[in-house]
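You will see chain A twice below: alongside chain B first, and alongside chain C after that.
Coming up: the complex of A and B.
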């Protein structure tokens, strides 16, 4: 493989897969709850970060309001599970289809602009949605919605109790893994190449025969679906949803996660989310000011490794490669 | 001259930027095959004219016809599918993508749109064309390098290769030898000559000697207007052109 970044991505994939399986086996064996649920949460927010990375790292669009789709998925999933039927697949299906429509509609508003204006519009859209949810009594207003039932999830191997931390961790891993696989597939298509081309030099695209608008819209909708499906898992884990899920802190956190893990790698953000969520939890047990520590870590990473952890690895592989006389 | 011999026709093209008329009532025709060149001093409106022809700007008035089809209001991507491609004066590539990716993105337009969502390897026509160009333009050894990491001469070659990706009928080249060394300029001149034997080339160029050597037809612009048009030898002898372009002392 000629590209050190491809190697870095492969290494992170393998590392994550093995640590997840190890955690599952050891955690289930020891009857752990805390670490399994923490890991589940980090995968869920990793899915959100992955959707930010699709827009930022692949297409070159900075979304500061991806929490809108995450929160939308979470609320819709909670509603379906509470009001219609406590079915995992129904919730995921409804959220997927609805987020396609939501992403499609929002794309017309957000993609009217580029650069910093795109960032501001996505930010604004999410703020509006968060305020609306915050003030809607039927959605629980500022309290959110509680009492989402514990699911019995159908699988080919029989029903799985989502209340079991190990079982739901596995379900979450498969779901986020499936989203990752879908995004990876898109990157192997000409559509994926066009996304890279948009990030690289959008103005040139028209002269090789494509309008940028359509491919951007496809990416925007796909990112909305990935964020929403990740969000749909949240009430299944926590049993509740709250308007905070749509707040800027969630969108901003996702961007930080992407930068920490490695922009444009898709798997980097998952690793970033695992690290950030663990840091938060570990540092949170020492001090209530854990945001300061995380802020410092972020500054150090941005200054010393602007391409994140994946970038560091790629740099390392690049060096060992050129040592052998390669490009 | 019969109509079927004319590939590109511009009729009374005008473009104003505020108070400045960058292109002022310019009309000309480009016949099939060979190299037609547009020359003129800096600020003559050559690049603006090019932008009107390629759809970067829309003309305020006038008409552009490609092969009998009115393309005046067509988008750049529409013009590409009608058979017109352009290069840029300032190298304009996908710099953080590899050479082969640059070419593959450009050749993808040869494939049906339905292939956009299928794996890249299904787009065999595009891949074959990209490999063909890689070889034709001597870029094989830098196939996997980032376009931004190439030498200036290689970047200019890649730029031309990218514009040829969809096998256009008409190629618009905006100062392809800009900033090139003497040797590279000679190679590029040879390349343009070869291209001219297969397709129609419309060239903007500063290097007058190069133009006179290559072109079958030369159009001279000055201050937004067309000053003269004709065979290279006629244009060179035209006193108006000499004043405007080659310098006062010759007049």
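Coming up: the complex of A and C.
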């Protein structure tokens, strides 16, 4: 582990895994609901942030409308669970397949543009979708959909009641962990290298004999799937979906999370989400104006540490490395 | 046919124009800031709200609306100047400054919006229109304030155009946008030009806020709804293009107001965005190029 960034990522992974397991054990032992559900929610939004990071940190595309896929996953999952069958795997499967199609279609629109145009077009797409959902009565319009049944989730060890906060926390952890593993796997493939190359210099890629278009499209679709599957977990936790899930504040929050945790690390956004969610609920107990605090922190992070927590860690490791005269 | 034109379309067109003029003011600020600094100012809507809120407070203190039109932009200039100098300049030398400045201004927007909630409360405030009554034009009654808004806004838009294309100051700004190193070696204080241009754009947003406050209500998230329209205008017109902002601003607001005669108004926003997406698909840099090409 010579690379300080790799070291920082490994440290965050271990830290998150152990604190999650500790929370699960202690929480289940004490019969806690609040913290387990809060942690579940932070993982769900962490999945959304991870998809933003795949585009922003790996490929170099800033999406300001990732909530579109998150909300799509949430609504579709709620529909499947309510109307077809309350099955976890059916919902996840349907959401995965449909989000591949949605991401594929959207990629033709969004990937025609680059840089700030990409940011603004994803923003526009999500706004259109949010307004349409907000005004569609069959999707519950501004009220959203309520009454998503509590799931009995099949596992090799028997059925698990998703109404139990500890059990569903574990399921969420496994799902988000699986998404993380898939993305990590993609990074080891040649396509992963091309993504990094696109981020460094897209124009030069052609000179080396690669096309940027295909890999970009794959990344875009993957990001849509990760966001949608994370979104699919939301109604299972909350029992409802609302059009707010598609609003810009959700997309924007995901970007804040990514920057706070560390752009380009994929695991940093999960850490960022855990921190932001717990932070919000702590501040939320003494003021409703948590945005002002989060906004200030965000501005400070962007100005002084644009690589976020993971970047700070990597910097620290880099220093201790060079202190020892390099490894 | 003629009657429906007179009684149904004409009022809608005039309403659309009066809002269009304010949208163009917002979009001009955005597009000038982008054209020169390459910064997408996500807090632009919050400065529009700032203009509205400050005018509400000033009028409560007994300042007349007409003085507000002058005072509010003047008050916003130092704020914009400071923001550019203290925050945006800090991330300006990074390679991915496009994204960093966008994030930075997004953070500022969050802080400002919540700040408004603390200072002015979350409930909408509705200032009364400074000009009441209506006048008859071609046999149709139009509210006087909207007519004033159109004329005044058009004057400001024309002045901005003249300032940028017909004065030495404008030449300095255009030169800095075209080649900042060359301008700098010719003795132009490029950094100060950047900060002042940002402040100028922000002041335009504030002015739009003062002008629209009597038509819409004033509330903390007012910027968020309005910025969508301004962004679409800037994108359709082409980032950095003044001509594009004016033409797209008028076209899109007309589309919005005329389409709301046929479809429910809640669908006119998606329609505008769809047009934006279509334009981007067909011509990814918008209808007109940047300030650099002008």
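Annotations
Everything below uses one rule, namely that the second predicted complex is superposed on the first by the 326 of 327 C-alpha atoms of A that agree within 3 Å, B and C clash if a C-alpha of one lies under 4 Å from a C-alpha of the other, contacts with A are read in each partner's own complex, and residues count from 1 in each chain.
Note that a residue touches a chain if its C-beta (ideal position, glycine included) is under 8 Å from a C-beta of that chain, and two chains touch if they have at least 3 such contacts.
Here the structure is a predicted model, which means the values were calculated and not measured.
More chain A residues lie in contact with C than with the other chain of the pair chain B and chain C.
In the superposition on chain A, A:193 makes contact with chain B only, while chain C stays out of contact range.
Within the superposed three-chain model, A:296 lies in touch with chain C and out of touch with chain B [touch as defined at top].
In the superposed model, A:174 lies in contact with neither chain B nor chain C. In the superposition on chain A, A:6 contacts neither chain B nor chain C. In the overlay built on the shared chain, the residue A:105 is in contact with neither chain B nor chain C.
Legend: residue contacts after superposition of the two complexes on their common chain; A:209 is shown touching chain B, with no touch to chain C. Touch criterion met: A:123 reaches chain C, while chain B stays clear of it. Once the two complexes are overlaid on the shared chain, A:115 sits against chain C while remaining clear of chain B.
Interface residues of chain A, counted against chain B in their complex, comprise 2-3, 185-186, 188-191, 193-194, 196-197, 199-201, 203-204, 206-211, 327.
Within the complex formed with chain C, the residues of chain A that make contact are 56, 60, 62, 109, 112-117, 119-121, 123-125, 127-128, 131-132, 134-135, 248, 252, 255-256, 259, 289-292, 294-296, 298-299, 302-303, 306. Of all residues in chain C, those touching chain A in their complex are 34, 40, 87, 90-91, 94, 96, 98-100, 102-104, 106-111, 113-115, 117-118, 224, 228, 231-232, 235, 239, 264, 266-267, 269-270, 273-274, 276-277, 280-281, 284-285.
Listing the residues of chain B that touch chain A in their complex gives 54-55, 75-77, 80-81, 85-86, 92-97, 101, 104-106, 108-109, 111, 115-120, 123, 126, 144-145, 162-163, 165-166.
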